[in-house]
């Protein structure tokens, strides 16, 4: 891969420094503060003894995993008004929290969570691009911590999580594929993709999108390969935090 | 591709019968009733002489294209309550209408729509899977009709649309890749993807998602290839309707 | 009645061309596209196996009939924002859908709809005056089709509808009483009335209203007589569509 | 008219005792407490130096008159939750406040209210049937008081009200036409009508409605005649209160 | 206490004229119109045979007392838009109605109200400062009337109210402590306090607040003493109204 | 003061361990994580170049300070649903954020903040009683940090804050006055007070409240004295954090 001149001097195929600090929210069942460079997200998992109404009404067996995502008003340089000030969630927030939830459920056996809901809250403390991929990557760690604790406390027999899940962003800045875009890179990219993958290298979600631009099948392949490289490092960081 | 036993006898790589009936909504600037098998969507484009508030406030030049999507309450076998009865759009609707808008903008030169907004409404009259891909495919035709009329009436100098855009769904039912899923196939598929492409064969959006499932890179490649085959036929159907 | 110079050359006591096209919404239990001249309304009836909460709570026997009314955004020359964009129904919409519901219930024996609700959705595809009267006239046909199907399928023993119901608008343009006003006539009329009547010539609703104007008892009588004339033709059109 | 056995001993063609007590809300420009038997409504008119946004946007000349209607929670035997507890007005409230506004505008020359809005608030203190007709009858008196005061204070040159407006309910209980229905009569009536009339005997609104019932043209005529009789007495009561 | 030059000539330690007129809202279980000078509040108590959902869910024994507060739109010189026009209660309204509810519950033995809720509605008819203290003082009288009636009708064995509760405002205008502030005094005061007290001289609530100002402990003591003087008179007025 | 047996072994007049960690939210103008024992609140101040609409409309000079308060869903043992899930703020939240705003404005000279708004966000990370007093105490530090930075960057000439402000809770558990109540103490206390004070010992707010209980003037005095003792320590902790 060619040399790149990214604002922070990273190689085009380099992640930003990643850190995971467990226990940030002590009242949650499991929590972690995840950092992708300047991006910081509080991920907190709570296990509740009930399931959503639609599951009760449709008599669906097993449990549920869901997520909520929010940007704290001081996470951006210009203060971002709270969702409540408009009375409703914006479209971007809804898309992100649905994506986080689907990502976790893709690696879960919900029958092992009978009558319970695991809710993962992801609150962005500082935003510098990649908040949704950091959220997914941290959400898995928070979920795993909450489930281990529930098993230790005898509330759960075995973990419903079959393996790890993590996510990373990739994009095309001009013709250069970049890994793990920061805010300015994300703003300038003509194609932006988010790849969610399992610990054993299978896709959960592939979302590639050109806002006022398009991309070729071979560009798509290059982006996917770049993401896979970054995800290997993220899985290692998750395991280190859980050790 | 192997023989398939789809409920309607189609081959795994066959589209459902496609039809486009222009003029369904006479008061719109351009409109079409698109059918993908039993799925029917009214697509209607209106050209307005103003731009969204954020463009005025940020003094962005040019125009805008946007979309709204709704399922009519009688489009499903069990009556679907209107969005207004809950007071807000659900997450799925928000995702779909954002996707339709992005798809059109990806093939548009918005500087050729000065001070104007083209709004495409997509109302599902009958739902049988693929409503979002039918909406995108029909939205392009409705938009083209509205723009041609605006040019004919002297309101616009040239078309902001650089080329066609269309979309199709593909999925994995067990291990079989299927093209253009109907409702029951979509419900049973373990992986569901929507591919939005331009007339010259470049991607606009690639969205592949495994709900409680995952997929390999080679499965992803098979799905993409299958979509490309179907999209060629959809571009032909669009051109026929516009001729 | 004196000669009139209506924009479409109609006599003062003439309806616009009426047509009823059954089956427009195949997933509904019964549906029809009704046209009063340029006005087009999709009327779709769905039969559901439950009753409103207030009936359950107050232990009211029998069933219910209700209606929802909406103008599709592209039904008017200037795009009409969807109700959901304001988060609530406007007053006019609420009045119209309550009127449609009352009109149907006036000719119904709700005890013959035990534990069921018949919901009629009326979505205006093109608006040119008289959308509420077209909605009522079409709603009866959609309801009748849905009920016949339910009887044929053994879900219902006999029809709760005792007879037909239809509606027409009349108004005073200056001193001239006009039948079935189109949009420009409705806008310019000083008195506007909507008459809902049963197949055997009894009133269900009489609503006459002078916006910034008033009218004498004899003017009221002339309007009523004119409406009765038009309603005879509408009942015939309904029966033809149902034959 | 035959003898009747109404719960309060009234003749079928008799109003309940009417009273109008001006000045109930001292901070309003004009106010009155109107009583139709046990029904009590506070009617308060406020004159404001602005017009609704739609008038400014459409550059409509002159002024506006509008009304708001509400039932105080303790106006009924079972406490009625406030509108705000549901977050929106119910359909009945919307219909009534639109009717009050139209009734006043029908007797107004809005060009004599340049740049001003007269808002009439009608809050039901005690409900026993006829709250909308009492509201209209009281609203006229409150409006007249507010306008007289504005003229006296030099804020207005002449009154925009051309004449009085009042309203009364009539209905069919079985086959008997009754004037000015109390709550239990209204509940049991098979046809319910509200007639709004001007001081010189012209109609403003005629609304007759059969809930799960119908009525003949001759029944309609009998109801209208009965209402006219009652309205003569109401105009006299208004003039006495304004003297 | 020094001589004062209050706009209405009152001494600094004098209440405005107080009056309580029972029976203002005949359909309520108990009601009173309370006047503190020009301030007028309708206080109406309704006893209902149910408890809030949280009590049922948490299986809390006994009953509940709650309050709702609203300013009628014509209570102020400039018409105050209704809460419903914004779709939600403002912060001040929420604070006041929570305070009224707490004040009543502080003198109540809720176990003597088994399975019932006493709801006190306080609607301000005319606002001239002190609407929250007038509301509390009137709410006690309305509640007492409703409870006496319930006991007389055999619905309740004994009163849950242990003693009277009343409230008064005090404030610092410059350095002068004033009792029972009218609107202009309240607006100009640098410290504003509301004191809620029981008939036997114990505090229920002490709320003192300096908006863009502060106050010393000795000023706090002076204000409290002044309030106690006024409250003795208010308890006497309550007893006279209940006699 | 008598010996106490508080759950954490504290003396009745002892604060919980207090800590203030500046810089928790790097994108805010000033931020601090404040801890009162297990209670943790993120306080973040943002300075914006505009003022609320009411100031512009009423042409009020100077600037504004305001606050928003929220409990993160994982701050409590049982997950607390976000405000947005109900679509509106609850009454308690509104009261608290209004109190935080008033407390800051009481020590501010808003003329020194021309055309600017300082918004302090307080998000509770862990809740164990005293979240509103911790919020006020931390809000002052976050505000001071933001203002110092604005002065250093030349955006502001001098600080609008005249002195420090802090808050502490006190309460009566039985007859024992306790300082700085944790959650279980707060739940069991019969009287709960929050005292907001300036660095030079003047009150900003005194709020004492007996839920289903009352308190004497001498008990009020004891609580106030206890609060003053704790506040001295809080002012010292603030200064240490700012040094």
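A, B, C, D, E and F are the chain letters, set down in written order, and residue numbers restart from 1 in every chain.
Here, a residue touches a chain if its C-beta (ideal position, glycine included) is under 8 Å from a C-beta of that chain, and two chains touch if they have at least 3 such contacts.
Remember, predicted model here, so these are calculated numbers, not experimental data.
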{"item": "Chains touching both chain D and chain E, listed by label", "value": "none"}
{"item": "Interchain contact steps from chain D to chain F (minimum; 1 if touching)", "value": "2"}
{"item": "Chain at maximum distance from chain D, centres defined as averaged CA atoms", "value": "A"}
{"item": "Euclidean distance of C-alpha centroids - chain B vs chain D, Å", "value": "51"}
{"item": "Multi-chain contact sites of chain F, meaning residues that touch two or more partners", "value": "88"}
{"item": "Arrangement of touching chains [line / ring / star / complete / other]", "value": "ring"}
{"item": "Chain E to chain F touching residues, read off their complex", "value": "88, 91, 94-95, 98, 102, 105-108, 110, 193, 198, 201-217, 220, 224"}
{"item": "Complex contacts: residues of chain A adjacent to chain F", "value": "24-28, 31, 38, 42, 44, 46, 48, 68, 70, 72-79, 82-84, 87-89, 119, 121, 123, 125-127"}
